[in-house]
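After the structure tokens below, expect a handful of questions from me.
We call the chains A, B, C, D, E and F, going by the order they appear; numbering starts again at 1 in every chain.
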Amino acid sequence: MTQPVSRYPVPTLDSVPDDIRQKILEVQEKAGFVPNVFLTFAHRPDEFRAFFAYHEALLLRESGLSKGDKEMIIVATSGANRCLYCVVAHGALLRIYEKKPLLADQVAVNYLKADITPRQQAMLGFAMKVCNDSASIVDADFAALREHGFSDEDAWDIAGITALFGLSDRMANVTSMRPNDEFYLMGRVPKAGR
Amino acid sequence: MTQPVSRYPVPTLDSVPDDIRQKILEVQEKAGFVPNVFLTFAHRPDEFRAFFAYHEALLLRESGLSKGDKEMIIVATSGANRCLYCVVAHGALLRIYEKKPLLADQVAVNYLKADITPRQQAMLGFAMKVCNDSASIVDADFAALREHGFSDEDAWDIAGITALFGLSDRMANVTSMRPNDEFYLMGRVPKAGR
Amino acid sequence: MTQPVSRYPVPTLDSVPDDIRQKILEVQEKAGFVPNVFLTFAHRPDEFRAFFAYHEALLLRESGLSKGDKEMIIVATSGANRCLYCVVAHGALLRIYEKKPLLADQVAVNYLKADITPRQQAMLGFAMKVCNDSASIVDADFAALREHGFSDEDAWDIAGITALFGLSDRMANVTSMRPNDEFYLMGRVPKAGR
Amino acid sequence: MTQPVSRYPVPTLDSVPDDIRQKILEVQEKAGFVPNVFLTFAHRPDEFRAFFAYHEALLLRESGLSKGDKEMIIVATSGANRCLYCVVAHGALLRIYEKKPLLADQVAVNYLKADITPRQQAMLGFAMKVCNDSASIVDADFAALREHGFSDEDAWDIAGITALFGLSDRMANVTSMRPNDEFYLMGRVPKAGR
Amino acid sequence: MTQPVSRYPVPTLDSVPDDIRQKILEVQEKAGFVPNVFLTFAHRPDEFRAFFAYHEALLLRESGLSKGDKEMIIVATSGANRCLYCVVAHGALLRIYEKKPLLADQVAVNYLKADITPRQQAMLGFAMKVCNDSASIVDADFAALREHGFSDEDAWDIAGITALFGLSDRMANVTSMRPNDEFYLMGRVPKAGR
Amino acid sequence: MTQPVSRYPVPTLDSVPDDIRQKILEVQEKAGFVPNVFLTFAHRPDEFRAFFAYHEALLLRESGLSKGDKEMIIVATSGANRCLYCVVAHGALLRIYEKKPLLADQVAVNYLKADITPRQQAMLGFAMKVCNDSASIVDADFAALREHGFSDEDAWDIAGITALFGLSDRMANVTSMRPNDEFYLMGRVPKAGR
């Protein structure tokens, strides 16, 4: 009854274009394994390139949001979209970046009960509205963020990350993308989380 | 920013009635710590007694459901009700009973992607309808269970567990009941999970 | 086309354990008939005992809520959960306790249109949030209750009653528990309501 | 805390146009009192005339639906729209037409638990879809009605009644139209219901 | 794959009662074609008469709402109810009355992004609540309208138009009423619009 | 009251990086104007590049879906997400590709009433489930597509387009991205649509 990596064919490393193989080898070097999102998306090289370019554009840029803030948005969004892959994989990153082994489970289930700051509560409140009812976003939502020190550029970052992971949550749900077993434990125990 | 055990006062062990202290000491002996649900409910001794009596009536009785099946229902229900305490605490029990370290996260986020049998998928499908729209339960829902070998008594068990944890999910959400830190890791690593 | 008492077998009085028979005879003595909830739950003696223990713990304890307030919460909750048994049976009790023959129908359909006080409106607003979206309960919800003189213990009572009847609404919906014909008229006419 | 007849001014009988006064006197003669819907709508004579003309067009025409069937649709629709006036007033008519004192409460809360025929269940299933999600009505919904002997003209009747009472439910909710006290008891007791 | 005018029979002009033929000829004279709503409703002459009487009562009466305001409410309501006929046909009227070729598409998709005044935003906010959740309308909703200069009679007009088009949206959805091709372009180009 | 192009600053052509200016000039050459999505996204050059790369990956690849099919998915998705920009801009493209001036309005409001084939109905049914409830996608959804001749690669295309425009709908809603006036009329009249 163990689910496969993806409902779609997963290419072998030597069958993918060079730039994609290169990228996969890099992440393998860094993480110690190849996250299944790379293998699943490699079935469609152009979409692979575009997705990871978007990912880097949002996650690597200078921002009023910390790396932990950004992963927190991903975990909360993916919890709302009920996407197993992203809750588990980005939950691991959130635990590692924030050095808080309990945080990811809290944020995935109900951010209102998480051990986070009021500023982070406001950030996730905005993200949840973008996720669930973006058509109703109004000026007052930006004003609420500003009260916690978020600039309008930060608001774009929150919205962009929420929107991008709304995309990947849907693709992961449709492909039944399976989280690597390694992610479940990362960041939960002092040594196990690299 | 760490949340307290409960929004309500939590009694000390020597201030609770004897039978409740006895029960708390037993669970502490067995688990190595006192799960916060015992401390939170101890604020109201009569409700404590009734809740745990109901809990035992459903979870300890002979049934067509295994202990793992029952915990799976609790985790899926609590995921739907977005109850942090029950997802984390019963997720630990599910991992231990089923000896599957990944299962609880799968069931809490989206049971349709979990490594479970078609019979368990049907069981959780019934539980989710009881949880979210019990007024629409009809004969066909019982028939669907029977196709997977569930008797009507099993259907009662599924419904009863879903309903009881609908109660505890609501109380945990209202009291902001905090899961003990110990639960997060239980059953995830060979030795750490007792 | 008349529905039976329960989708499940209903025991005869002489086949149930002594304590349960005793309890059933007491309520029959008092009400003049045996409410079907007692017969339906008697199919599972341990669950019967736990349910009624919880019921008494919440409904008989000293509280800032009157008996009428408590029944009002049950009727509003059961209306939201679309549970016929509890709307009809507790509607009868609400009419009797409050001596208002019109009140139960008002509360079951839309408490915002009921002949109740602003304090009771606030109480039912909190109950509806616990019923429908307990994960979103925040400090402001408790503050709103306090403005109407409700203590935090009263808030627990409101939540507890809402949660317990969320349980019984689900069990009544799953078992297709039929309200006794007697309840429909109780408290509507001067003499008929005992 | 007793609510008024309407949030809007209610005209006196001698201030309304002749045809409307005539209609009101007729209903008073027949019912023994003036249902508040006549007084509330009389605030807008042209809307009064149009509403009751529509009402008669649908409720008095020859149809595959009995008078009881039609009132059942109104009660189920008004329960779904949470309209107190129509649940109470048309609940009274339903009890009287069907000579079933329990039926209205059953249909208002959950028609799936009501003492009605499978044909009536199908009729109310169609009505609920028109009420809650008319944009999703497809050929299969008409086919399901035909299996129970409903013609396409009957389907129009069901939809028309559902739609008209969707209108009156909204107006009653907006005006806080109060059901007359008399309705609550009509048809519940042998003599009291006329 | 072109859909017919209606799922139901559409009468020929010479087979309808005189008053209805008269009305149809008048609108044909004025618009240059017969809008399909007239043909679809003509299948039921009494409902035809009542519907258009209600329509005139609300749309022709003196009001604090302009003709454009009224059509805006219809378009927003019909967008929410996903009624193709009314979005297209009343979208045409809205463009013509307001002399704004872009306005109807904006209002149908998301009035919060439309080129309208804050007063019109408030008007449509009230209409959407009447459309989607009329049971929750409270005093504060009327107060919000008053802040923008709307009287309580204006509130009735907004609610009445929303409720009447909730009716026609449902009938159009059930009958699969097809918008005339002519409507799609009306008011979009200087000469083409009537 | 006319809304601006974007809530965020819109760069001038000479302030953007060369590759982006090049791309903007190309689309201007082809369309006769610069669609506002290019200006809005140009505020963030890296996200601009990634978004349009993803767009091309999905919309330009060989597929079992025609260009018209793809635009139809975008319009239906954007209608469900209530995104004005994408409904209007991609509605224009849909009209042009399919040479059907009425089609976009039909699909945006309710695809079940559109003049499309049963195969296209199935395609949009899958897209709507990906858009609104991707966590519930199961094998049966792929089987339903196969009955209409869609391969699993086509299913990926449908899901990918739905997911990508779920992203752009959210960004357009958050930035209040304004559709260019030109789009509203394109493809509606023989000469006006280029």
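Everything below uses one rule, namely that contacts are C-beta pairs under 8 Å (C-beta built on N, C-alpha and C of every residue); 3 or more make two chains touch, one makes a residue touch a chain.
What you see is a predicted model, and the numbers here were worked out from it, not measured in a lab.
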Item to check | Selected pair, out of A-F, C-E or A-E, that shares over half of its residue contact pairs with B-C | outcome: A-F
Checklist outcome for this item: Expressed in whole Å, how far the mean CA point of subunit D lies from that of subunit F is 44
Checklist entry - So, what's the distance in Å between the C-alpha centres of subunit F and subunit C? => result 51
Checklist entry - How big is the gap, in whole Å, between where the Cα atoms of subunit C centre and where those of subunit D centre? => result 28
Next on the checklist: What's the distance between the Cα centroids of subunit D and subunit E, rounded to whole Å?
Outcome noted: 24
Next on the checklist: Going by the contact rule already set, what residues in subunit F reach two or more other chains?
Outcome noted: 82-83, 110, 135, 173
Checklist outcome for this item: Chains touch one another in the pairs A-B, A-C, A-E, A-F, B-C, B-D, B-F, C-D, C-E, D-E, D-F, E-F
Checklist entry - Which residues of subunit F touch subunit A in their complex? => result 7-8, 44, 46-47, 49-51, 53-54, 56-58, 61, 81-83, 130-131, 134-135, 137, 142, 152, 155-156, 159-160, 162-164, 166-171, 173-175
Item to check | Footprint of subunit B on subunit D - complex, ascending | outcome: 110, 112
Checklist entry - In the complex of these two chains, what residues of subunit F are touching subunit E? => result 1-3, 79, 82-84, 87-88, 101-102, 105-106, 108-110, 113, 115-117, 173, 176, 178, 181, 184-185, 188-189, 192
Checklist outcome for this item: In the complex, subunit E touches subunit C at residues 135-136, 138
